[in-house]
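Heads up, the next two complexes both have chain A, just with different partners, chain B and then chain C.
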Partner chain A sequence: MSNTNYSWKNNRSLFPEADETGKLVVDLDSQKYIKVWQGPNHPGVTGNMSLELTVSGDEVVEAKTHVGYLHRGFEKLFERRRYIQCFPTCIRMCVPEPDTNEYNLARGTELLGGIEVPEMANWLRMIALEMARLQVLLRMVPGQAGTMGLGLPSQWGLYYRELILDRFEELTGGRIYHMYILPGGVRGLLPAGFKKRLEENLVKIESFMKDVDRVIYANTVFKKRTKGIGIIPADWIDPYGVTGPVARAAGYERDVRKDYPYLYYDQLDFGVNVEHESDVFARFLVRRKDVDTTIDLLRQIMSKMPDKGDIKAETPNVLHWKIPRGETLVRCESSRGEYIFYLVADGSMYPRRINLRGPSYAHAVTLLEKLLINANISDVSSIMVSLATCPPEIER
Partner chain B sequence: MSLKDTFSPFSAWRKVFEKPVTIKDPISERPGADRYRGFHKNDITSCIGCGTCETICENEAIDMVPVEGVETKDGDSGLRPRVDYGRCCWCGLCVDICTTGSLSLTNAYTWVEEDPEKYRYTPGVDEKPWDNEEKGWKKPEPNYEFYNLNRVTMEHLHPEERSDSFVEMVKGYSKEQAEKEADRCVECGICTATCPAHMGIPEYIKAIRNDDLEEGLRILYDTNPLPEICGRICTHKCETVCTLGQRGEALSIRWLKRYIADQNPSEKYKKILNSGFLKKNGKKIAIIGSGPSGLSAAHYLALMGYTCTIFEKLAKAGGMMRFGIPEYRLPYDQIDKDISYIESLGVDIKYNTTVGVDITLEELGEKHDAVFSGTGLHLGRSTRIEGSDHKNVYQSIDLLRDITLGKEVPLTEDIIVIGGGNVAMDITRSLARLQKQKYGKAGIIATSLETEDKMPADREEVLEAREEDATVNPGWAPQRIEIENDKIKGLHVAQCYSLFDDEGKFNPQCNMDNLQFFEGSMVVESIGQGMDLSYLSEDLKHELEIDKRGRIKVNENFQSGLPWLFLGGDIIQGPDVIHGIANGHKAAKGIDEFLFEKQKDTPKT
Partner chain C sequence: MKEIIDHLKKRFPVYEIGEGPNGVILMSVEAAKLVPMLTSLKTNHGYGILVILSAVDWLEDCKFQLTYIINNPDEKRDLGIRVFIKREDAEMESIHSLWEHAATFQREIKEMFGINFPGSPRVDEPFLLEGWDNLPPMRRDFDTKQYSEDTYFPRPGRETNDPAEYMKQKLYPDE
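The block that comes next holds the complex of A and B.
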């Protein structure tokens, strides 16, 4: 297996011809090709989503993404729910990292409704958002190794993620669906001793990340299976709308927290982690560094946030809160990339439209189809996970 | 790739010697966090079944269901939330908005049942193992509310501005204030159930929020033809039971009603209410008394096509609303606004006509298809203590009537009022105003049997009376009026410590060791009113059923033993305006039903 094979324009005599429209003509009767379905349920797929792969030997010659296994119609449901009722619903649009949904919905509603959120609530929102990022990264960074059969560190990672979930349980009352950031503020102050316990967890996680470095980063097999795999050329980044760690791994210094600062991120001191190779390994490295950045940010937030303050602004009665006619676009940096909500209010109690534009939609539908061509079938999961595919967010 | 990269991964073996991080029995070894959103718990004694949890639940997981042992009563729907765990998402919004604070979630993690039906249960009624668990999700603190707990302050005239004039003291809400106040409503409908007239309160408050005051007026007139009056002086039982009052201040339902009525000009009423053309059915109804019940009956009967004639003893319509309630609480032009609309429906009011003197009830019955009587309570009751027969001892109700009629009212510089109800406060404050106009200062003292916390008068009436320099000194039983040289010197009172005996009968007990003497040269008695039924001849009385307390028995349609005679208002129920309105409405329907049945039974010629 040589890395030099993985290029789009090499010798293609083994591969199907393209017709005049550019579509590959795959003659399955020639017995040169096999159709393989990966998913909708597969350990390498992070949710219910299918890849229809046409392979020649163990090389993928054509890939099609199939979604539709997870469609719950949330965007339509929002149109029949009061703004406050959208809040427990929206979190399900991205199960692993629900807080970004909560934040975007809350921020959009507040912008349209003209609500000023108390300072304390904004700091608490940052705590929740960074803890959410950390728990996702603790799954994704060791999980990258899991996609190639190196399952042990990803199991370790789950334990350290649970520590953060314990803190979430303490702060928000929920482990997975936090339902913490609601229009107008948040749903509780930090419990007594919370900072101390979170700090203890952060120390443990830092020491765990050293294990991750020893077992995954300094690992010949991992490097061989990730370096040069799934390269996204830098000039694809903008046409495909790639954001977040995937764009940063291609040398783009892109981070919503820096480019369009929200909450109090402009008061924090942090850098944007950038790599240039744009392969699976580079993306792994960016996320690995993001763990350190996130831990650092959590410490900065805990030291800078006030001890007391209001957690919720005074809003109109939530049962008939009419948001004035208008539209807004709110964004935040999720662990996967730029996370956008587009809200349209028509002056009634119900949103006219809430549309989500998440990074997975751009990364894992069109870009993935292209990236998988010429990939080895055993690398498909690896590439998919490195793009941070989140099917619930693609389908809503 | 270095040699280090080959050997480094083997460091994973180190973990073999570490203590496992997993917990063998996590549920019992590691309880849920203090705020964990687990299973529902409800304190059903403090829950009033307002159903706000049901409204906010986005999954429709909550149903309000009747529960054994919980009675439906004023301020309690008798329903309790039942949760369906097939739908619940444990967001806890039901807890956050709970108006009474009775609902909470416990920190229990797991619950296993074989029967799926059991996952639909009524917290607090169906026993669960976590019922005594204290930890779990409760409404976040502090300053975390889904609706405003405090009502929008109603602006009043300053005591100095109002204490010597009869100008209306309550200023009324502006548009912004009314919409802000209307926004607080959670639309539970506990108020509607309690209101004697069952007004569509959440609906008209919604109309205010939507700035559709014409729709608001239509909703008001569905059940209440006197909104200007009720919007000012209603006893607002709705506000007493308002669920917002559980943790904060009740909604100002009365002022919101007034806002709708005030904002709609009287010229537009007929157009808004679509009452421009009413088809007459040729039947005639006589109504005795133009008080709330009579006007209400006339309004609804007129809408049904009946030709109504009201017989009023005095020179102006309104009954106790005009002649009992002082102008500073209910200005006469507002009474006229409501009454002139009812008159515009073709209702004829014959003033200065006393039934029983100018025309007999029998005659009315003969000339009309049916008669409604709402003659009210216009006779003052006396304390009958020693000296109460003195010429300077007056009845509050007579004085209030004379003030309205513009007659000269007897006045001295020091007056004693006996009574602790709203009428006593009305006469106290009215006389205090007249004293200020005449003498430049108020010198009036109101005393009642009831202690301050049990006084039947509205709390704000007592406080406002004090603001206007009247003295309110409750908790004293009048003993005798001291008279010297045919002049009243004052009132002897003894401390009253108990009003009712063990059987609940009225039997005031006094502490004769604690006596006091209130100085004054004029006494006004205001301890309740009685009815004057002199217009009923002995023959008629014979045919009517009258109970021990002297009240005439009526059926649920307010029809008496004489099928053509309907009665309502204070002589039957109350005493207050809203009961009168409700009675009049119900009686109007009863009259319609009665005449329809009668017509059906009459053979066509």
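The block that comes next holds the complex of A and C.
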């Protein structure tokens, strides 16, 4: 493995050659290039999307993202559904982390409908959101090693994720899709002994993360294959709409929980994890530190939340609820970055428009296409996973 | 914030200035003035992030609404700018020169609403729907039910029976 940094070269002097006008010519008939489709079914691709790669030797010369294998027309379906009927659909807009969808839609409906949420419900929402973040990170952090053939740690991670899913099942009745957060509050209180069992799980996860450090963080092969790979220059962050851990790995101290505090995050004590190298390894490190932050936040929430209280505000009959005309923007921090809903209400019982803008929308299309140029073909899946691509939120 | 709004009022024909439920300032502007206004906000006032570009179909008023929400990361503020354009031959100036990822939004809106953004990179390539030759599907006059009835093979419905009648038939066929 060479130590070349496969970062973006503006002149792209090696391949392909430019013609007299300066335009790059990729002539497939010249037999210098091969087209390779990575996906839609490929172990190195997250979800159903495909990358159309033009390679010269093992170097990517051109990349195009193709989405649409998972398009279910959710935003169109919302037009025919009442607000409460949107919930079962909207949680499926991102399969690994559905709670951010629930929260955003519920919060948007409350803002437009003028509902105040009780204190206890907000604490319970934070528990659900942080548990969701933890279970995604438990897949994502060891999963980064899975993209380069170190498959075992990612399988271990799945076991520890199941522990959190057990707690979700106890709290909400569902393992993957919870529908716990609804307009006005949440569906239920914590079951008896929940905090104790969650604490036991957190201790187990902490000891597991030490194993992850030993097999991944201290692994020479992992370092060789992630350091200096997929570097995003810091001046790309804003024009490309990069958010979340990917922006934090480039030195930007940005976290929606800190910058635009929602729920009671302003009452919690936590820092924003920042790295500066902006390569795959830096993004892995940011997520690795995020695991510790999330575990710490869960403990803080459990100690600060009240034991009892109202969990649901009075709302009008949700099946006949006419939301006044208006529009709003709701955002929260998901494990992948800033998660945004734009809602427009027209005064009827049906939403006029609900538009989701997830982090993958910026990361996996415009950014990934440019980032893959000059990368080695064996690093493609590693770069893609480090950007936390989630195709369902691109194609809603 | 007030200074920026006063400044914008002087330079651009903005109207319908109001505050959204969570403090986002929203305003409308004429379509021709949008790009100069966004450029000014980006270069002079630090609104360097395009948060979302979204389209809304107001079929009853025969117009499309395009919403550009931009963000100032230093002051941590959002600003929403609305533009209303005609539904027939809908066309809008592209902003891909200001934000690279605006091209993705524009490509999707072209496909889903049929609003053209001339000059935007790859705007004519299909984004999600390959080989689509119908009305743009997110327009409100596109009937999803009619489309699926016309396109897909009809499936016979399930047979239903009145339970009382059915059990009577089954248990006492002679009565």
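By definition in this document, the second predicted complex is superposed on the first by the 375 of 396 C-alpha atoms of A that agree within 3 Å, B and C clash if a C-alpha of one lies under 4 Å from a C-alpha of the other, contacts with A are read in each partner's own complex, and residues count from 1 in each chain.
Everything that follows uses one rule, which is that a residue touches a chain if its C-beta (ideal position, glycine included) is under 8 Å from a C-beta of that chain, and two chains touch if they have at least 3 such contacts.
Predicted, not measured: the structure shown is a model, and the values here were computed from it.
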Contacts of A:203 with chain B and chain C, given as first, second, both or neither: neither
When both partners are placed on the shared chain, which of chain B and chain C touches more of chain A: B
First, second, both or neither for A:85, with chain B first and chain C second: first
First, second, both or neither for A:28, with chain B first and chain C second: neither
First (chain B), second (chain C), both or neither touched by A:176: neither
Contacts of A:241 with chain B and chain C, given as first, second, both or neither: second
Touched partner set for A:259, first chain B, second chain C, both or neither: second
Shared chain A contacts, counted only where both chain B and chain C touch the same residue: none
Contact footprint of chain B on chain A as seen in their complex: 81-82, 84-89, 152-153, 156, 159, 166, 169-174, 177, 179, 185, 187-189, 191, 211, 214-216, 218-221, 223-224, 310-312, 314-320, 322
Residues on chain B engaged by chain A in the complex (per definition of touch): 1, 4-6, 8-9, 11-12, 15, 21-22, 32-37, 52, 55-56, 58, 89-93, 96-97, 105, 137, 140, 142-148, 183-187, 206, 209
Chain C contact footprint on chain A (complex, rising order): 67-68, 71, 73, 75-77, 79-80, 111-112, 114, 238-241, 254, 259-260, 326-330, 340, 342, 344, 352-353, 355, 357, 361-362, 365-367, 395
For the chain C and chain A complex, residues of the former touching the latter: 20-22, 24, 26, 48-52, 54-57, 65, 67, 69, 73, 76, 78, 80, 99-101, 103-104, 126-130, 137-138, 140, 144
